[in-house]
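Shared between the two complexes below is chain A, which pairs with chain B and chain C, respectively.
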Partner chain A sequence: MGDELQLSNISTNELEQCLKCTICTAYCPVAAVTPFYPGPKHAGPDGERYRIKDAKYFDEKALKMCLNCKRCEVACPEGVKIGDIIQAARIKYSTHRPSLRDWTMGNTDLVGSIATRVAPIVNMSLKLKPAKAVMDMMIGLDKTKTMPSYSSQRFETWFKKHALPQQSKYTKKVSYFHGCYVNYNFPKLGQDFVKLMNAIGYGVSLLDKEKCCGVALIANGMSSQAKRQGEVNIKSMTESVSKGMPVLTTSSTCTFTMREEYPHLLQINNDKVKDSLSLATRFIYQLVESGKVNLVFRKDYKKRIAYHSACHMERLGWIIYSTSLLKMIPGVDFVMLDSMCCGQAGTYAFKKENHDVASAIGSPLFKLIEEVHPDLVATDCETCKWQIEMSTSAPVENPISILADALDVEATKALNS
Partner chain B sequence: MKFDTIIIGGGLSGLCCGISLAQAGKKVAIAATGQSSLHFFSGSFDMLGYDIQEKEVEHPLEAIAQLPDSHPYRKLDNETLIETATAFSQLLAGAGINVKGSYMANHYRLTPTGLLEPTWLTLEGMAMIDSAGQLKTHKVLLAYPKEFMDLPVDFMEANLKQQGVEVMVKELEDQVFSFRRKSPSEMRATNLAKVLIDENAMSSFAQELNNLGKDNNVDTILLPNIIGWGTSDEFKTLQSKVSKPIRMVATLPPSVCGISVQAKLKQRFEKLGGTFLIGDRVIKGNIQYNRVTDVSTEKLTDEILQANEFVVASGSFRSQGIIANYERVYEPIFDLDIDYTSQRESWYDANVFAAQPYMQFGVKTDGSFRAYKNGVVLENVYAVGSILSGNNSIRLADGTGVDAVTGTAVANIILKK
Partner chain C sequence: MAQQEYDVIVIGGGITGAGVARDCSMRGLKTLLLERQNLADGATGRNHGMLHSGARYAVTDAESAEECIKENMILRRIAHHCVEEHDGLFISLPEDDLNYQQKFVESCRKAGIRADILDPEEAKRLEPAVNPAIVGAVRVPDGSVDPFRLTLSNVADAINRGADVLKFHEVIGLIIVNGRVLGVKARNNLTGEVKEIRARITVNAAGIWGCLIAKMAGININMFPAKGSLLVFGHRVNNMLINRCRKPANADILVPGDAICVIGTTSDRVPIESVDDMRVTPEEVNILLTEGAKLAPALATTRILRAYAGVRPLVASDDDPTGRSISRGIVCLDHEERDGMAGMITITGGKLMTYRLMAEIATDKVCEKLGVEAICETASTPLPGSESEAPVAKDGPYMYLFNVESGRHGCRQPHIERDSDGDRALVCECEEVSVGEVKYAVEHQGVNNLIQLRQCTRVGMGTCQGGLCAMRAACLIGKLKGNICEAQKDLHKFLQERWKGMMPVGWGQTLSEAQMSAEIFQGLCGLKDKNFN
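And now, the complex of A and B:
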């Protein structure tokens, strides 16, 4: 057959593979609860055909409603990168200047480093009704939400003081990309990670320079800043990988952003680190499966644990790693929750204009969790944790924290030294 | 990762096979690229609606005995067919899917254009009738939400009238959909079904149907299939609130009842301990001495997925289980042998209404559904469902039947091995 014939699809984000079947829209959590979002098919491949012809067809208001959960991509039978088409259009065509609110929410890193210094005052203010009302009015933060509180000691500070000195005794080493959430809001997850890695015979070090992965910047319309930060991260990670240290994270969203969105949306080349950049549960599962590591669990650990599939975790396709590890704990009564978006989507639910949509999206999940009535909900995403804890009676933990808690540390150490 | 069986494809045939194996205690993984053809489901499973002369079939088993040997059913003897058909009905019941009908004799389903089609099992609540003659004894109220987009009402009315049915057509003004009407593209079956999960919405909807039923002398209310999105049995709830019997008719896709069948089968599979890898694509397999030892997927990049048996349930052209280009028809994962004619001109008939030869193209298998590669049988690779060659599912009305029967039958073949 002649060379002039195009034998396979060559369109960006598989645009031309769309059959217009609308299955993506049936699974879109946003379109399910509001008529003002036209759904992924329309906002994605349908709209893109018009936008290619003329940028005037870019509908800022509609496309901003996309959560970037990627459930449309998981559902698409033809492999169209629907979510990517939408996000790429936002980056390319948006003329919107980030507001003070968007800037505050996007800059998790800078805001976090200031807030942790005055954590008690910030935390108290974040919970006060008058302060919430002012934030609601002035910058459009939803007053019914309680912002995640800040830790008074950053994870990095804790690590240098309490963990760093012991790390040199391990010959096997990994780098830890802790992310903003562990550093500023919830150092305990990072501490659990260090405990677990040390128990299986791995030393932990931090990256030379770590910046926020940029997911919140992309979502809040600051992609050029996200690109700058991403380049810093890739540089630090490349150094780590060249020293034989893989880079591990405890956040599905940071991992997804750095592995998939960097090259795709921000045009950052991550080829040198992608294979060595992994979620901790995946890394540990692979060690256990290959017989290189043995885990011993406490006999008195008994909990009913329901696993929630975070959107980006599902898009990564890595749910099997976290759930397989949790199922290894003998005392765990494991329940797999039906996969549904919780509605938080990073900073989305904190915005006043998204309040109704975000709560409506999450409500079937919250109802299901109350029905299952677990001791703990497990999920790999920190922002799902905020939303589920705010909206149900169940406490939420990252699988790494659950493993660290259930682990018989001494027995595990003895087997893996 | 090691499994007893890995199934490629998470639609009807893959799930039937997976559930049957998991029920027998096997460790099974299903990898599903995107959502399946069940999203185009009519509400009925067809065993064989028409014979090779395109004559309507009354007794499927008798007609199957007359099919050419190339048809997938012909690999099973009569006794095995009956066993498999019975096992499939039990499998549906186990998943909480209630159906009516029997393999002994076809009944009819009502199509969205108001015609009757012979079929095997019909979901509870969907319109069906035992014999065509019974139709004209009915006085039907066809009710649909105002501005509803997914039912060709005029066709349905005209065709029903032509068959002697007394039909009254009413638009529902119900306020429960008013928020959906804010967007002109929103009056779709799946969107309305999501509204009717809410109990208050359901009650209000039932009230309007009662009012209509009371004022009109009808024996049945006919509705588009806009009920049944949630996890509870919403159709039963609606019927319990409405005095006249209600029957539903399939809509344009995505199919609400199909999505529900897909969700229930997947839940059943996971409850039995099966692993469902959602949104992941098997890209290649490792073949040694006529056996597949392992496969790799797009997202579990450095993972070797090993199994004793592999089942290819990846669908036909639409699901990219088989692909046609200008030169050939091929199976993209293992490059299995395909039954097709080499002359491209003979793939299709210029008359679009004629039976299209390409509809019969598919993977070549032996008497136990084992696939061939380069003319040699692969000992542990089975093909099930619409990827099989030898039947034109549009002409014979046997698509879902071939999925269900071959998926379930291959599970038994594997178990007896």
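And now, the complex of A and C:
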């Protein structure tokens, strides 16, 4: 028996693989700007040893400062899931019920579906200074921030009215997980996606049932609701995949959550869909690379574009797909920005208590963007977009929108029909 | 040679010596404690750290069992900052005789030990790490105790009450005049200086080395060094103690203590000449793992931090010249009565759990010899740190640090400076030791070196085994003491001691950890053997 013992060290989220080298903390955007966050090593593997001993060592205030950017996991040479250890501890030990603010920000789906109905009123109020001051005081929403505005027509509504009828003529098909942001705030990105996919010869359909991926629920302390929603998503995606339709997204964070966090944090088995769930840029790049798809771009498209690496894109390791596609556009003067967190981290920067930390994290990036002075900043994450647009003079677009804009649709269609 | 006078000299800075020194000074005796190394350097610091309920001895040794449960309850009162009360399970596996359980429970109850038979399912719910194959379980009031903290608290209290303590002072001879021990010749192991110290009575509390002390007076104590090896795991797999419900055997106790857990022990007779350098063998590691995995299967895949071994001072009964009949009980020898050598007594045998009782018995004897009438109050007087409840932080910045410190220092925690960023900065991140805590240890707990700091604070006892914290801690001690050169030597010694423990389990992540720390110290920092030999 002795020979079989100790062949490997197995523990949840690779806790025991940690060699304490501390490189994760060197890469942590939060630890760099405040002494009150102990850094990922200490909040994660170190603290976990004591939390296993007794829940009284769970320091909720400190752990809440984690952005869940996962830059620690990218840095770790031993593969320790440091961010997951921290998030799992919050799920396991937190006894606080979410506040009204956190409930509102976590429930992107419900709040979005109400807000889109009265979008003009909501949008106007969200921008008013007195309204911001009241929200700051009453529920702790940072008054210096402007919440993303709502669209008066949902993406789903637009899709059914304007795009659905044409999709049946394509033999190759994909499903689109649009996410809350496209549906309630920014349908244009979804429209760009449909335009691009159709141009390369793919029809688009929506999932049977789509719920918010749950990332905001997890971050705001509502993981059991996130689990219920996740299960609905995985069920719909499984159906799509079984019909031979891969599931594509245009949000790095939704993708990351559903691929990587469902199993670890929410104990949802995603084995059947994981390989077929991908970011659209990755899917398209792989088609172009293998010669199955050709892209033709407009000759008159000329722009200086700076690419910002969203944290979850770093964790996925998929930045190369988006940047390679952007570099294919002949008229693009491409600048790769240093990989830094923007400080937004989903709903994190909207919270009053995180204002100083979030601003400090983002400021080197904002300064860099102003120096580079691009026509556009490209990024795969919608929440980075909010933060960068709020904090710099540069407009921000998803690479899919840039590709759709630069594409010579007719020429591309002709090559891929 | 300078001369000093004491009522009592206590030889041996283990838990027994510390307990005797405390008891003597509480009874108004001018006391000196001598230790040839750091405190708690022998068997005291090399065991499970188990707060026995006595259940383990209930069937085989009723007397020890009764002593244990009484002392268990006393330690919970007087030393609660050294104790964790998490109860223990005695489990029966399919290969164990369930009839033994019945006998076990009866014996426990007879000895006054609460013993509740649990349904195996209930036991698995209480302790999910337990082997799921169990067919029976009994819950008893076992716990864990930090032997370092306990020793240091006893010594600190003795000092508060006027005792003197000399560390690194080795007894190299006894002053004997006309069949009476009048004191000791002690060598300062740091400077080589030898001095004679006189006392009205000398208490030999040197553990396994006690037989060597007795030999200096021409006295023979028949001792059998029994080596026990243990393994420390990287984190707790269990939160309740797990024992096998059968006659005590190898590797059948798994103790959760602080942030780790410990499996042990083996038991092998070793020659007395070898006791100063115990090393854990591959065979012992194998036994500990194989048997340990039967208690909690997770041990088979949990990272091992280090291995260590201690030597139990087993004493043969005086009336058995063959030495076969070993007593695990307390042995107090009045050498005047036994050997015609006045002025010295030996207190030995026993166990960590019963140190206070051993000290009481020895001190009673001392008082009898010296004609002092003072009653023992150690059972009711709390140790420093346990005078009142330890503070607990529920919220606020650095609450985690606060709670860990409070766990170590009990109600003395508020004495640790924590107002500035500098004082709250961590020296040891695995075990949560702040600059403030190190300062407190150096300035108020008499810490002079890294090993003493480790005993006070757990510096270097976590996952990295000193790889990342030892340098910071050494620098801080060097700075506070104004001697960086000494700190550098100390760092070298400390790392050797850490690596010695990692060697027997040097595979997987433990090997990577050792390599990284070797790279940091030998590669980056240029710490080389030749500078110190």
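What we mean here is this: the second predicted complex is superposed on the first by the 414 of 417 C-alpha atoms of A that agree within 3 Å, B and C clash if a C-alpha of one lies under 4 Å from a C-alpha of the other, contacts with A are read in each partner's own complex, and residues count from 1 in each chain.
The criterion applied here is as follows: a residue touches a chain if its C-beta (ideal position, glycine included) is under 8 Å from a C-beta of that chain, and two chains touch if they have at least 3 such contacts.
Keep in mind that this is a model prediction, so the values were computed, not measured.
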Just checking: does A:355 make contact with chain B only, chain C only, both, or neither of them? Give me first, second, both or neither. neither
Kindly classify A:64 by the partners it touches after superposition: chain B alone (first), chain C alone (second), both, or neither? neither
Counting only touches as set out at the top, which of chain B and chain C does A:195 meet: first, second, both, neither? neither
Which partner does A:338 reach: the first (chain B), the second (chain C), both, or neither? first
Could you look at A:31 and tell me whether it touches chain B, chain C, both or neither (first, second, both, neither)? first
Could you tell me if A:90 is touching chain B, chain C, both of them or neither one (first, second, both, neither)? neither
For A:178, select first, second, both or neither according to whether it touches chain B, chain C, the two together, or no partner. neither
Scan A:275 for contacts with chain B and chain C and give back first, second, both or neither. first
Does chain B (first) or chain C (second) touch A:21, or do both, or does neither? both
Shared contact residues on chain A, chain B side and chain C side combined as an intersection? 1, 5, 7-8, 19, 21-22, 35-36, 38, 42, 78
Given the complex, residues on chain A that touch chain C span 1-2, 4-11, 15-22, 35-36, 38, 41-42, 45-50, 52-53, 56-59, 61-62, 78
Would you mind writing out the residues of chain C in touch with chain A in their complex? 234-236, 239, 256, 258-260, 286, 289-290, 293, 300-304, 392, 395-397, 399-400, 403-404, 421, 426, 429-430, 432, 462-464, 467-468, 507-509, 512-513, 516
Residue numbers of chain B touching chain A in their complex, please. 1, 33-36, 39, 179-183, 185-186, 188, 190-191, 194, 197, 230-231, 253-254, 259, 263, 267, 270, 275, 277-281, 297-303, 318-320, 325-327
Residues of chain A defined as touching chain B within the complex: 1, 5, 7-8, 19, 21-23, 25-27, 31-32, 35-36, 38-39, 42, 73-79, 275, 286, 289, 314-320, 336, 338-339, 364
